[in-house]
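Before anything else, here's the structure in question.
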Amino acid sequence: MKLTHEAMGAYAIAPTPFHDDGRIDEASIDKLCEFYGRIGCNGITVLGILGEAPKLDAAEAEQVAKRFVKSAEGLPVVVGVSAPGFAAMRALARSAMDAGAAGVMIAPSPRLRTDEQIVTYFRQAVEAIGEDIPWVLQDYPLTLTVVMTPSVIRRVVMDNPSCVMLKHEDWPGLEKITALRDFQKDGSLRPLSILTGNNGLFLDFEMERGADGAMTGYAFPEMLLDVVRLSKEGSRDAAHDLFDAHLPLIRYEQQRGIGLAVRKYILRRRGLIASDAQRKPAPRLSAPAKEEIEYLLSRVARTDRRAALAVER
Amino acid sequence: MKLTHEAMGAYAIAPTPFHDDGRIDEASIDKLCEFYGRIGCNGITVLGILGEAPKLDAAEAEQVAKRFVKSAEGLPVVVGVSAPGFAAMRALARSAMDAGAAGVMIAPSPRLRTDEQIVTYFRQAVEAIGEDIPWVLQDYPLTLTVVMTPSVIRRVVMDNPSCVMLKHEDWPGLEKITALRDFQKDGSLRPLSILTGNNGLFLDFEMERGADGAMTGYAFPEMLLDVVRLSKEGSRDAAHDLFDAHLPLIRYEQQRGIGLAVRKYILRRRGLIASDAQRKPAPRLSAPAKEEIEYLLSRVARTDRRAALAVER
Amino acid sequence: MKLTHEAMGAYAIAPTPFHDDGRIDEASIDKLCEFYGRIGCNGITVLGILGEAPKLDAAEAEQVAKRFVKSAEGLPVVVGVSAPGFAAMRALARSAMDAGAAGVMIAPSPRLRTDEQIVTYFRQAVEAIGEDIPWVLQDYPLTLTVVMTPSVIRRVVMDNPSCVMLKHEDWPGLEKITALRDFQKDGSLRPLSILTGNNGLFLDFEMERGADGAMTGYAFPEMLLDVVRLSKEGSRDAAHDLFDAHLPLIRYEQQRGIGLAVRKYILRRRGLIASDAQRKPAPRLSAPAKEEIEYLLSRVARTDRRAALAVER
Amino acid sequence: MKLTHEAMGAYAIAPTPFHDDGRIDEASIDKLCEFYGRIGCNGITVLGILGEAPKLDAAEAEQVAKRFVKSAEGLPVVVGVSAPGFAAMRALARSAMDAGAAGVMIAPSPRLRTDEQIVTYFRQAVEAIGEDIPWVLQDYPLTLTVVMTPSVIRRVVMDNPSCVMLKHEDWPGLEKITALRDFQKDGSLRPLSILTGNNGLFLDFEMERGADGAMTGYAFPEMLLDVVRLSKEGSRDAAHDLFDAHLPLIRYEQQRGIGLAVRKYILRRRGLIASDAQRKPAPRLSAPAKEEIEYLLSRVARTDRRAALAVER
């Protein structure tokens, strides 16, 4: 089952779970997959660039991708394959697809500057991995410093039939969704799935602008699913009500550097991973930070009982 | 009345109001000052680097600073004097102080990298403007790309007795406030006012970590004042309740590039500036963006009636 | 006499001379102008971004520009007007032209990333200064981090009839000259003067690729003039022989940060400026560095007697 | 035979040779090793960050490192192991050392900004690879955007006994060598080999400032060896005479982006690699560029007959 431009809903970006000593925790991978399946996620994305993928060596990256695909039991798995060079990108892409992944995700190299360089880069990336692999174009200027205009995204998509999805996380980016959907209305852009990232910080309005769903790692993917569904049903107020209840925590989890520590802390508290260990280099949550997270959880829980976690002794 | 390390509360960062044709709108400056005074702001900051200060020529910057000082009627005015070189910094700092400003604000040059370069830069800046001018150290790595550790901030503060305040807008930055307050507990850092920026996105917790207040430009400074007050009173839940009601809009206004357009739109809608014109280069709000803002205002207004604005015809 | 696309030869980029105490040294401006005129420079460029222009306040920048124009006695003077905002750019451009400058020079704002942003920026800059002022497009990616492809340069030039010259200092940049000249051959680019910068580090080959001359600040502009002339005459070996004799010193003077200190040191040693003082922040030449410069001068002097300077006591 | 702080002379940075179709060319590795040994190089460095190491996948990087070690027949081989994460760094470092490498080279991650971040990064890197592996600290701000002061380098060296060498390629960097040697004179820095890079552009003066030699990839390592030797003998003029004869070509080969294409072209012309193919993304030399290189070679050959290459048909 390969990824297509019809993908929609919520794709959970899964963290890479480690044991306290830094070894990969495969049992927690299984637990995460079971959870994502149970709550109705439409797919799972692994080895994202903002997570700990760059901290794995090549063999470990392959191991993680394969375990997720195996545990996901049919749920489509997208594997991040961004790499400093095309040979490493190809090696991981081919082995992940052989193992049953639905597609791969590619971010632009941070060196790219001009429109022409960007277009050429993705053309060469597709040549490297092969034109038979469906892939997701990741657009994240805040972290990558590469700015892609709607026109450049259109060129990349039209140049490469195997590009089926945009992971949209420009910031600000609402107008970009509108511009791309307008391109489709005027016939200059073919169908394309747009899932939004950035920890869901603008998911409420992104859906209204025409996104097909979310692809991000927020610790309560149930909220992503509900907001996507409510928004598609046209229940605007209900979608915002639920979103706004989570927003104080979304914002806290979206902090750069420390965000993943927050996310792993909550996932551990939810019983979805055994340890919130991160490989170095990684910040550690201070005692005040942990208290703040617990306070935020208790506040979210007033509206959404799924955030009501048993108190840790 | 000069700025001291005892400054606290909410300092509103004022936009530079223009007429539709781009000329400075002095009447709107007066209106803003009247408003900030009426709601109880503790001070006003003008010519901030994220606003339109760089779009003014030298004579205009002086004109704006003077008009704000005159209209503020005793409310302390802090004037941003960051500049590519020390001569321009000095010229504006001296003329603003001569006109009655309470102090100036200086951001690091984006060129700075090492700890030593940062410390030297501020030493030379103080030599340039004169040691008699109280000043605010602006710490905004996201935009300026200059990262100052708590230790470096301590060195700058201890090297320069005229530095009386930190405008804190590191992101994430909660641990930095804690680290600086810990330095004061162990006696290695002298008293220092810490006001936080970043559109107030973390004001709720920043207050709890030890900030003295806010210095930012959010279109409802009343909220900043209330959250600062409630937090200082120890009314944690009430502070968060009010803050959370505004957070969806805070987030929307904090978007890079487009944020100031949102802010000016709301200030105009509130009747506080006559036009929301920005000088070029500036993004323009699309029709969907305006609708989103109106929707957010209506939602904030359910909790905070001050956001209930009359519908525009 | 205004700058046109027929400009050629060597434009000396003049430093801003200061007295030891940091005041502007107008007598040295006069001396420099007399020298540039005497050796046959085709023009003078002042207030370049890599020099000390950003260290002047607005009034000083105007003063320096006017003095150069007055002293140049008819030699065309190009005034750098790059600024953080268009109002300051306009103010300096208008006053310089009123004083008799031949044209102005504009570099892209370091914030620009996409092709579209670059094209829009220069369109707005021209609107700001007025379409009647001939201007030089400065292309210096190494320092400015803005990368302009030949196609983007063509768009800027074709969009703005008042753009008459490219100051070329991309690195590497030989292919860019060839691409632009090819555009002219195929009729898609109108006539444009191309003068090259980067301290002349590739002047030998830049001339062969089609440059019209040099615009840079190397301490021996006589060499620039001779290499341009020899190259135009087709005396390839002679051009390279002279160039290569200077290259060890060119390279030494082209060092970032410290380069201007080297240049001012040599200009003072040549008697062309009274002091080699720089305004802060500025590196100082160490004793070993001065010895190295003297050694390099003595080696250049074996081929080019103009580098034989009297020994300082 | 492991790398120690007594390393000196010229370490050639070897390119990764490919067949025309992009496969690794092991026969050319052997040929390069034979050449480096024959001319008297003191060591060989492979998989440098400015070369094509990032274009290899993990298995290929290991293959290349092992082949060089095997072919080098006792000449010490330093293996670049810089990687986005410590797991990949460790994997390559361990396998290279197991295969007989003399040491590894580590560059700072481009994300690092503050002194503290830099010091911590190298501490964690050493923990990751193991304290038993001698390593080279690479300092290359121009490309990596990480600026290390002499004091920070001292901290890294003093914190990590296994750090035995600095690959110095700051630019400008002469004062940095002097500062580090002064630290050793005052007893605050232990013995440390300093080899300089940056294509040798300042090798003449770097030796005089106290460098122990060169580690760079210039296509005529014989020149590096001779300049190092002449400089150590005190034959200043002779060292500069030889260096200056090569400088026009050094400069041409040091161009960013295109430099490696120039180097491979010359190495192929010298018969040291079978093909000058580069993996994508890579610039291609134009016909004018090739003519320029040939012209430069002919000019170098007037002084140094080793640059007199047979004309290609």
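For reference, chains read A, B, C and D in written order, and residue numbers begin at 1 within each chain.
Operating definition for what follows: contacts are C-beta pairs under 8 Å (C-beta built on N, C-alpha and C of every residue); 3 or more make two chains touch, one makes a residue touch a chain.
Note that the structure is a prediction, hence the values are computed from the model and not measured.
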{"item": "Copy pair chain A, chain D: interface residue numbering same or different (half cut)", "value": "same"}
{"item": "Chain pair showing more contacts of the two, B-C and B-D", "value": "B-C"}
{"item": "Farthest chain (mean CA position) relative to chain B", "value": "D"}
{"item": "Chain centre separation in whole Å, for chain D relative to chain B (CA means)", "value": "48"}
{"item": "Where chain B and chain C are represented by their mean Cα positions, the distance between them in whole Å", "value": "38"}
{"item": "Of all residues in chain A, the ones touching two or more other chains", "value": "none"}
{"item": "Interfacial residue positions of chain C with respect to chain B in the complex", "value": "52, 54-60, 84-88, 90-91, 120-121, 124, 127-128, 279-281"}
{"item": "Of all residues in chain A, those that touch chain C in their complex", "value": "113-117, 145-149, 151-152"}
{"item": "Residues of chain D that touch chain C when the two form their complex", "value": "171-172, 174-175, 178, 201-202, 204-205, 208-209, 240, 243-244, 247-248, 251, 255-259, 286, 288-289, 292, 299"}
